[in-house]
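Chain IDs A, B, C and D follow the sequence of writing; residue 1 opens each chain.
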Amino acid sequence: MGWFRKKEKPQEVVTEKKDLWTICPSCKAHVYKDEWDKNFSVCPQCNFHDKINWKERMDILLDPGTFREINDNVSTADPLEFKDSKGSYAEKAEATKVKTGMKEAVITGRGKIHGIRVVMAVMDFRFLGGSLASGTGEKILLASEYALRHKYPYIVVSASGGARMHEGIISLMQMAKTCAGVARLKKMGIPYISILTDPTTGGVSASFATMGDINIAEPKALIGFAGRRVIEETIKQKLPDDFQTAEYVLDHGFIDQIVNRKEMKNFLYKVLRYWKAK
Amino acid sequence: MNLDFEKNAPEIEEKIAELTKQKATDPNAKVDDQIVGLKKELDKVLKEAYAHLTPWQTVQVARHPNRPLLRDYIAGMCGEFIELHGDRCFGDDKGIIGGFATIADSHVMIIGHQKGKNLEDNVKSNFGMATPEGYRKALRLMKLAEKFKIPIITFIDTPGAYPGADAEARGQAEAIARNLTEMSQLEVPVIVVVTGEGGSGGALGIGVGDVILMLSNSVYSVISPEGCASILWRDGSKAPEAAEALKITANSLFKLGIVDEIIPEPIGGAHRDYDGTLQAVKQALLKHLNILRRVSERKLVDRRFEKYCRIGRFKHR
Amino acid sequence: MGWFRKKEKPQEVVTEKKDLWTICPSCKAHVYKDEWDKNFSVCPQCNFHDKINWKERMDILLDPGTFREINDNVSTADPLEFKDSKGSYAEKAEATKVKTGMKEAVITGRGKIHGIRVVMAVMDFRFLGGSLASGTGEKILLASEYALRHKYPYIVVSASGGARMHEGIISLMQMAKTCAGVARLKKMGIPYISILTDPTTGGVSASFATMGDINIAEPKALIGFAGRRVIEETIKQKLPDDFQTAEYVLDHGFIDQIVNRKEMKNFLYKVLRYWKAK
Amino acid sequence: MNLDFEKNAPEIEEKIAELTKQKATDPNAKVDDQIVGLKKELDKVLKEAYAHLTPWQTVQVARHPNRPLLRDYIAGMCGEFIELHGDRCFGDDKGIIGGFATIADSHVMIIGHQKGKNLEDNVKSNFGMATPEGYRKALRLMKLAEKFKIPIITFIDTPGAYPGADAEARGQAEAIARNLTEMSQLEVPVIVVVTGEGGSGGALGIGVGDVILMLSNSVYSVISPEGCASILWRDGSKAPEAAEALKITANSLFKLGIVDEIIPEPIGGAHRDYDGTLQAVKQALLKHLNILRRVSERKLVDRRFEKYCRIGRFKHR
């Protein structure tokens, strides 16, 4: 399992050489870092699925060496020249780019799953909370158009808090733009599979992420439209713990299956073999 | 509701009303000149006040409780309105209404958010915050319009989609996403008018169209200024700053290429002159209906797709 | 209003010449028969919509003299040679035919609504409770095919307790058959308007009656799938009075509008003018 | 559950089980001949008993609690089964399940009613009585199969659609009607197998297909014999008479032209021999998959329409 690069895994900052343990954020179990990594950042004790970055995701899902990035030139834009109390969006975006080595919150490309050609878009929560903005929307759309042209199935892995405020209305409109891409896949009979990981909320849940021919979620992933606090203020009531979990959303009919991370690739492979329309 | 930037306009209005009343009871009262003078003054005050609204002031106007609501537009603009109910699945939301309507000679499907004029209506319609049933009803009516081959006009005026636990349970996210997806492929013209508050996904959920129109004092935003301020400024009272930064006014959105045309409101805002507002909206709609009528189905869908593709497409190295 | 024939109105059996009153089954008001009739069998006191026969319905909805019946040769069949404790279905059907002057529970034909050509199917509750069976299904399907061929809007007025047991599985299959006809109208863009009157339940509500592009109901009409008693036995609870009324069904999203009988024709006319696809 | 018409078969089965157990503990026990003899006798008794079942007896067999259920068929017939959940609107019914499956080399979509084997499962699945969500999930999966261009196989085994107040509120009638309408236009082959109880609209709601197969001891009816008896005989205990009159057995339905093929059950009924039953169903499905595979999409839809047109079409003067 040589596909890890430690520097891309901020939740496991190695402070000292002898810091060999990861503490599970969910069950507090102490797990050997090595074991944690080999288990795809899933807690072997309680099956907690930790966030992972785009590279780790691609490595888990795609056949080794088959990933080819597309549209890697698309980067953040600053159409509003947005500034808040803490400074400018441009600076913030720049810092994020340096920190993550990414230009936007999603990486797109083609690759193979047990030999089946697919187009993949993987969101990365490290990049401004995986937020949907001009660059993100553009890449997700361009990838769906690429899938359409080549008649490859399209798979999107979401991890996002929603639309990026800093690009204002432009961010909002990416919801319509990405869905317009999905609509074209539907019309032409190209499979579109959506994988919802922790978290998939706001403008991303309310656009492409819930529109899969098949929607798959990782266990316990937070999935919902409005934020828990906003809802609690609206209904003047505490929400149950399982509210907006993948399990809750499955129960309410919006998810086809909850699939463990280590079984995800095989699941995709199995499902894609049913597509006979090519 | 008084808007502080309107300065002494409410007082002048009050005085005019008083004199008009006096004239009504005593036709010989010598008040005509005074009324004319006051009206001139009022116009001047209002023109000045509305000439340079800050974005946050615009938000206040867009949310004004006396602003015309969808049923006002329908009553004033439409020869007839045949309301159609239900999502054919779970319920009939009062926060989004719709039905067949005529505007001049045109047969159209009108769909839009409906806030209430009073508390009772507002409770029924969740203050214009739609539930999943509302979005699903909207989509059903759009599909009906497509089958009947008549244009669709949507009216946007909502603080946002209803953030209730039940709305989440029944798929608020899915309902909005489904609309965005399906609206992009509708084979009839879709005209969108933002008449008041364009609140985020709750607005966009019926807002994908060929032409986006906006009343001059309406706003449209990815998040409410208050929400943005409390997240990015960590202080909800910085809403005016957030409103500025978010570029949510008709002018800003026109410059950003999101809005195709701004419909100017009468002096002093839509809430002061329903008839003027309705007529302005009606004329704008008729103009665009006339233009879109000539576009083939195929071309409509292609152009709409390209329109949304272009939004947020910037040159990169 | 000369379109009434008393003999077709069994709920108003004239026992003596001086029996000039109708007692409203709902509010018990005494209403002059003449007034009752002129008011389309709707109580002027409480707006109770009484059942009416096919001829009365056609007269209310169609321009005078425009109705032309089609497929009037289709009659009941007895594919099961069904007998129950009270005798044979064949005999029962024969008696019903004599009593009603109809051959099946639906009359179909073309006509005009303020000049707009339409195809109509009107169910008549007097004929074995308006039940759906081979002949009913056949006529409803043939009428939809007629509408399809001529590109006329199709309007069905339902009044039915559901499928007719006496024709067993053949009756059940008429649900699929009539819906197949509706599907072809949908596909070809021909308007299909369903009018649900009291009662529209069971196999009729679960087939063509709820599939209108526009579903209209008469006030207070009973509309539902399962019977009240069956449901109460299932949930071990009394149901509220308004359960399965048109108003209840409207509230739950399955009806576009409740329209008074006397406004129905104008409503249809207004709606049909929106159809531009011809 | 003992069926009285099986006469002494249960006793013989008990004796065989006893001797087999004896043999297992004492390999030298001289019981082989006795077992062979008893098995022969059992076969004879069962053959006789099942040769002339009355319709009402057939109902008892069709409802037998040990009869194989959909998950048994899937486990025994399918190389893999990828269950897919949810109607994308309100919930995930357990009374109708579905998903991708392989049968030999064929990729198909399997959808069907799922009764429970025990009370707990039966409570979850409402004893195989589906809610509107079940029918809507079924339709969603059928549309998915259509997009993926794979055949659909539906398994029918239900007392009927769930007659609950909530199911009514959420449109039980609409959900079934929608399925009848949409299934008639599906551009992939649809094979329907009635494996147990075909209960009225609740069965038909997933039962519109190109080929209708029926296990020899299953039934399919517009109404339950009990329901029919209590209405037409005004006496629920006349269910046997009603069962007879309604012509609900596979043989009757084959003669009526509703069922295209009867799949014979092993001697003594499906509940006695899962493997034999599953293999028989599997072979029948593979045969018809193979036939339907060669039919064009257009022709499939046309033929299906004509098939249903013919049902109940009789010569009239």
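Everything that follows uses one rule, which is that a residue touches a chain if its C-beta (ideal position, glycine included) is under 8 Å from a C-beta of that chain, and two chains touch if they have at least 3 such contacts.
Source: prediction; values computed, not measured.
Engineer: Over the chains that touch one another, what is the least number of steps taking chain A to chain C?
Structural biologist: The fewest touching-chain steps linking chain A to chain C number 2.
Engineer: Moving only from a chain to one it touches, give the least number of moves from chain A to chain D.
Structural biologist: 1
Engineer: Measuring from the mean C-alpha position of chain C to the mean C-alpha position of chain D, what distance in angstrom results?
Structural biologist: Computed value for the inter-centroid distance: 34 Å.
Engineer: Taking the mean of the C-alpha atoms as each chain's centre, how many Å separate chain B from chain C?
Structural biologist: Roughly 42 Å separates the two chain centres.
Engineer: Using mean C-alpha positions as chain centres, tell me how far chain B is from chain D in Å, no decimals.
Structural biologist: 54
Engineer: Give the residues of chain D that touch two or more other chains, as numbers and ranges in rising order.
Structural biologist: Where chain D meets two or more other chains at a single residue, that happens at 88-90, 170-171, 174.
Engineer: If a residue has to touch 2 or more other chains to count, which residues of chain A qualify?
Structural biologist: Where chain A meets two or more other chains at a single residue, that happens at 186, 252-254.
Engineer: If two chains touch, include that pair; go through all of them.
Structural biologist: Pairwise, the chains that meet the contact rule are A-B, A-D, B-C, B-D, C-D.
Engineer: For the complex, which residues does chain A have touching chain B?
Structural biologist: Chain A reaches chain B through residues 73-75, 77, 79-80, 82-86, 133-135, 137-138, 141, 163, 165, 167-177, 179-180, 182-184, 186-187, 202-203, 205-211, 223-227, 230-231, 234-235, 237, 239, 243-244, 252-254.
Engineer: If you look only at chain D, which of its residues touch chain B in the complex?
Structural biologist: 88-90, 136, 170-171, 174
Engineer: Any idea which chain B residues touch chain C in the complex?
Structural biologist: Where chain B meets chain C, its residues are 80, 82-92, 100, 107, 109, 133, 137, 144, 147-150.
Engineer: Show me the residue ranges of chain D that touch chain C in the complex, using the header's touch definition.
Structural biologist: Residue list for chain D touching chain C: 161-165, 167-174, 176-178, 180-185, 200-201, 204-205, 207-208, 220-223, 228, 231-235, 238, 241-242, 245-248, 253, 256, 258, 304-305, 308-309, 311-314, 316-317.
Engineer: Using the touch definition up top, name the residues of chain A that touch chain D in the complex.
Structural biologist: Answer in residue numbers: 186, 189, 191, 213-214, 250-257, 267, 270-271, 273-277.
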